[in-house]
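Next up, some structures in structure tokens.
Common to both upcoming complexes is chain A, partnered first by chain B, then by chain C.
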Partner chain A sequence: MTSTATATSTEIPGRRAAFPRPLLLAKDYAVLILLVVVTVYLSFASSAFFTSDNLLNILNQNAPLAIIAAAGTFVIVSGNFDLSTASVFAVASVSAAWLASETGDVALALAAAPVIGLALGAVNGLVVTALRIHSFLATLASSLVYSALAVLITGGALITVTAEGFTELGRGEFLGVFIPVWVLAGVVALLWFLLSGTVFGRHVFATGGNAEAAELSGVRVNRVKILVFTLSGLAAGVAAAIAVSRIASGQPQAGAGMELQAIAAIILGGTSIHGGVGAVWRSVAGVFLIALIGNGFDILDFNPQLKDLVTGVIILAAVALAAVGRTRR
Partner chain B sequence: MAHKSMKALVAAAAVALLATSCAAEDSSGDGSAEGGAYKVAVLAASAQNGYNQAVYEGVVAGAEDLGLEVDAKILDGGFDATTQLSQLQNAATSGEYDGVIVVPHDGPSLTAAFPMTGDLPVVSVLNPIGPDIDELEPQVEGVVSTVAVSPTAAAERQAEDVVTYCADLDPCSVMLVVGNLSSPLDVARRDAYQSVLEANDNIEIVSTLEGNYDRDQSLSGVANALQSNRDVNVILSNADQMTLGAEVALTNAGIDPSTVYLTGGGGTTEALQAVREGRWAADYVNFPVSMGAAAMEQLANAIAGDPVETVVDADAVGPEGVEPYADADSLATVEDFTGEWNG
Partner chain C sequence: MAAPAGTGAPNRRAVVELRGVSKWFGGTHALDGVDLDLLPGEVHALVGENGAGKSTLGKIIAGVYQRDGGALAVDGAEVGRWDPVRAGRHGIAMIAQELALVPELTVAQNVFLGRERSLAGVLRRGHGNDAAFDAVCALAGFRLPPRRRVAELGIADQQKVEIMRSLARDARVIVMDEPTSSLTAHETEQLHRLIAALRDQGRTVVYVSHFLDAVLDVADRVSVMRDGALVRTANAADETKPSLIEGMLGRPLAVTFPERPPPVDPSVPPILEVAHLATADGVVDVSLSVRPGEIVGLLGLVGSGRSEIARAIYGADRITGGTVTFDGTPHARPRPHRSIAAGLAMVPEDRHGQGLVLERPIRENIALAHATLFATAGVISRRRERAAVNALAERLALRPARTELTTSGFSGGNQQKALIGKALLGDPAFVILDEPTRGVDVGAKYAIHELVVALARQGVGILLISSEHEEVMGLAHRAHLVRDGRTFAEVVPERTTVDRILTALFGADQHEGAAP
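Now for the complex of A and B:
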């Protein structure tokens, strides 16, 4: 279990002494440093930025992506990839829209989205473990299957939902805060605890650090893999319920590109793409760093054609900073 | 063993080639070969998109109206210029079709397919094929007709309605939501909006956003922009999906959408309902089913060797009495019209 113990930290033992402490801190907390830098810049650049309204707005609109990234952290820490989250999101959202418009039962429709996400995620886990296919390929293939499923459910058309109460989850407020923000807070707290404070979390780290060693140590690696994919699917379903409720319509292209945004945010946060190292808070910070850039562009009316360029440069900066130790091995 | 496998492979390839050549002969695009039925390929920018599906529906309905027997096959371009280019080239080389109707994802890039093998007539719908996205007359040999309007002209007309609304407001704050600024079409639309609006001193463009034809992305962008521009007077977009997202953002921000001049483009069922209910001020209506039918008519003329209209004004093909630049008053005169698509 040595690998588990070392993996639960983002530090790389034995390589620390060569670097000054400030550089090591910068390396470990690159995403937080950039988050602070961008926040300070935007606060000075626009008086509209650092207001409770705007900060809640950022949390609210990015809640679905942050939920997917938080659960996606488990997949990447376990040494796998999930390229199907956007497709799971699409199937779950069109299914919820279809159920709501066909039955008028809003609760049933919105509850169905996470259940469908969970089921599709479990299928991913079973395919990866039973067929021993690399998760990258397995979820790439399943994403095509799920995307086609979303198209078949809708016939390629838009499903508009007019059922009363359907938008309450996505647009409603509780204590002056949008409900998606409460859901995000609950999900992140739960997943943070699950990864950092439970035996299951340690098994996830062990699986990603060295699956063979973990297996020999008694960790049921396949079960861990199935569970992390199931968790990822469940999160995509929860995110889909929020998003479909917010826009009151289901469309098969919903969430397109979200899987790569989530992976980018996870890696930007400092979770290792090789597995075994990472944290839920890092992925959430990664999501909000990217979100701040978008928010800043819109508030300051910068040329939107430059948004991807700036986002890419900041991701490179964060990843480069975090990789300082590795590049000097 | 390896030698035997190679032999088997060569034999299989030969059989496959023979079968393919026979199939190609059998599936000649000569309409008379199948009792007068025309074989038409409809190259959709995306077969999963509501607008493209409506065009296809119009092609089939148009053929029926003309009393033609048409075997129309829709091909999915997947919103990818390269895929659509390959499909167009394949349609020409296969000899399987009598004509092609294209909804270009990227008109300029399809130029590479021309001149095509054979004499296959092509009709373009929504956007022209060729380097100039505002030139509707055929720009390449093989394109016989274009059913469209100039994107710049349409955007200018939308912006002129905004200028009229803003006449008594000083300043009049305008937010622009355009589709995708990596697309020449949407860049042309943005430029047209800006050129018309900036000619008026009382109008200030406070924000230009990319909505990517997506409700959720537009919702996020407008919600962000409202943080620094709560007193916005106009939200001008080129697509109904984006205006629907903007409407939700206004509601979330505690702003009554009907107090803002909201307008979109597309003429979806939801948009027309929003205009009729007074939530939106106006909408630029498209008629994709009628455009598909008009394209089929011109293609049939070309195949039959009859005169072809090289440009069909897409704003003029809709049901009688429907004004493309619609507001609540103009829609009140055509109560039965609820739009030709939803998306």
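Now for the complex of A and C:
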């Protein structure tokens, strides 16, 4: 028995909620509108804001989170949650730092991070499907395990990397733009296309929209789930490689709280927490909307203690706006 | 059913009056100036095609939707703002098609939900509650175990819980939206007796349905709707099925089935052969075969295992015994993706739960099972996909013929067409149709029947399952009777009658069928 308001709201044949079209569009693209509004506001409020240095810096700073959110979109759209991305990020970070300081092989160390992320993500997927545990619980538990793993690897201490060239990935530039920004652009373009243009992407939407219908349509739902968690882990590993290279040190607390920041950005972007609806660009826009608000606080010298409050209110407002068209008749 | 004394008599004052009620959904005029009187002690049916506005009208009476224009009066006094709570205070309750019960609570807890007897918020236990429950049972004229969890009840009993809930609120007007859509013939009969009893207590039942036989059986007056407008309100005794259909469609429609495809030569090897099939989900011993171009029906009561047979063949449930042979080769360990790849498709019975991803466009739904057909190395060609989907939409006469629109915005009949289209996209050699016309209106139903016959003529083998036995009888070449997960007889519909089949289906289990 699924007798909810949403169930009955789908019963209306051939009609849409009484809602003017421009408003519907505004609702659909709320995150972009907000992004533009904040950008315009900050451009007028401070001359330091709309400079290529500042903007590139924001992109660079937030590249790891944006990469995690872009891949996290697949997890949310498939109707699942990944609460372990921060822990995967931590394990990949300390592993890379440890390998670099032990072997001195920079390339091996930085390449290890995505591989470890992929492996840990695959484990999440296998746990969720084979044991049939709700992904919220499964990844909540695995995040504890992975965090402990990160502490074990470092012995709880900070691993500082002094190896030559280790910081090239995180601090280097190519054509005047930080390398993490290039990586971000590549990852986003790839994932955007993967979700919107491929058979796999179609199956992710169907899995999240109606898993039973997807299964009966020949979609290998379990396989899709394993793949989205693997993708999410891989992205956390890539993000970790960038971050650990930038700060040249690995610590088990790295990335704490990132998993929720990523989910907040995904939802702020307009992807449905119920699955079945969403887009990669939305999550990236969500990350940078939050980032711009933070940047605004910095350059306008606002009370930084209010930063989280404002961010939280904006997320609530965006989610409430998204709900409007569904509840009003 | 005999009309009560004074049906339509002008001396009875209407309990609810609607004057010029209109409702817009976006750009659609869902209701256009509807006038309606509901008298005390009548069963008032609202009929019409899907999208005609009958459900919308019922929901406006119950306060689920707000009217955009016109007046609504209760007991002669016009009311202003109207919502389910206010309607409830005036004694108007609604039983929606999707029942609104809390499955994890007990029968009694659901009946008294929102009216719990409490002291400063602390629930009161003890005999007072039992007495209140008994009182509701007495009013309803039937009894359910008060401490049973609602999730354990069948649909028919869950519906009774809803009725008890409205009685616990002392409802004088009960709006029932498609109450029989998930009920068996026997359960429908029981419900109709119950509705008559409610009527005789002086209550008004608004009966929204497109099952015209049911409407003529139970209603005192019928209001026919078309395109958001009221065509007429008349005494049910003065209406017939053809007259109602003519009113709904604005033209006469023969209540017949398209001509059956030609019989298939028995020497043709079957496309599907099932021998002694068994599963852990209710299939015990099933044997049947379907030849190319043949329509084979499964006739059974709800719970007989009809749909489970379909699911087992298709691979949605695991097979524990027996064999499935498809196109001469063993279809061992069937799974949906293997079935689809082999050319064996299924239209599942539950359009929303099992069939469609409602928040995605129609195009994606129709293409879902065959997205790889339009893909190169996993990348979908939108152009090729759209071309194939649009061609299919045209063949199915999908309305509106805009495949980019979100699926939830389509009417039930058109969603069903899309669901069937989804199965046909890969040109299957064999199709299982489980309840292909459930919850669709007369026009769409006929279109779907024509489609089924056309498929058979093209040489597609079809296994047809329907709770409407007439549908199987009117379309199938042969039919297997199913009881308790077993196929126990084979009939040729042209040479028998529904009554004889029902007798056979109830068979030795007649006592079960008669149980409350």
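By our rule, the second predicted complex is superposed on the first by the 311 of 329 C-alpha atoms of A that agree within 3 Å, B and C clash if a C-alpha of one lies under 4 Å from a C-alpha of the other, contacts with A are read in each partner's own complex, and residues count from 1 in each chain.
The working rule: a residue touches a chain if its C-beta (ideal position, glycine included) is under 8 Å from a C-beta of that chain, and two chains touch if they have at least 3 such contacts.
From a predicted model like this one, the values you see are computed outputs, not experimental measurements.
Applying the stated contact rule after C-alpha superposition, one finds that A:43 touches neither chain B nor chain C. In the superposition on chain A, A:217 makes contact with chain C only, not with chain B. Of the two partner chains, chain C is the only one touched by A:276; chain B is not.
In the overlay built on the shared chain, the residue A:200 is in contact with chain C alone; chain B does not reach it.
Using the contact criterion defined above for the overlaid structures, shared-chain residue A:103 touches neither chain B nor chain C, since it reaches no partner. Looking at the complex, you find that chain A touches chain C at residues 1-3, 7-19, 197-200, 202-203, 205-206, 209-210, 212-220, 272, 276-277, 329. Within the complex formed with chain A, the chain C residues making contact are 24-26, 28, 30, 50-51, 55, 64-66, 68, 96-101, 103, 150-151, 158, 314, 316, 336-337, 339-341, 346, 348, 352-360, 364, 367-369, 371-372, 375, 378-380, 399-400, 408-412, 414, 422.
Those residues of chain A that touch chain B in the complex are listed here as 46, 48-49, 51, 53-54, 57-58, 60-62, 151, 156-158, 160, 171, 178, 243, 246-247, 249, 251-254, 294-295, 298-301, 303-305, 307. Taken in their complex, chain B has these residues touching chain A: 47-50, 53, 181-182, 206-210, 214-216, 219-221, 223-225, 227-228, 244-245, 248, 251-252, 270, 342-343.
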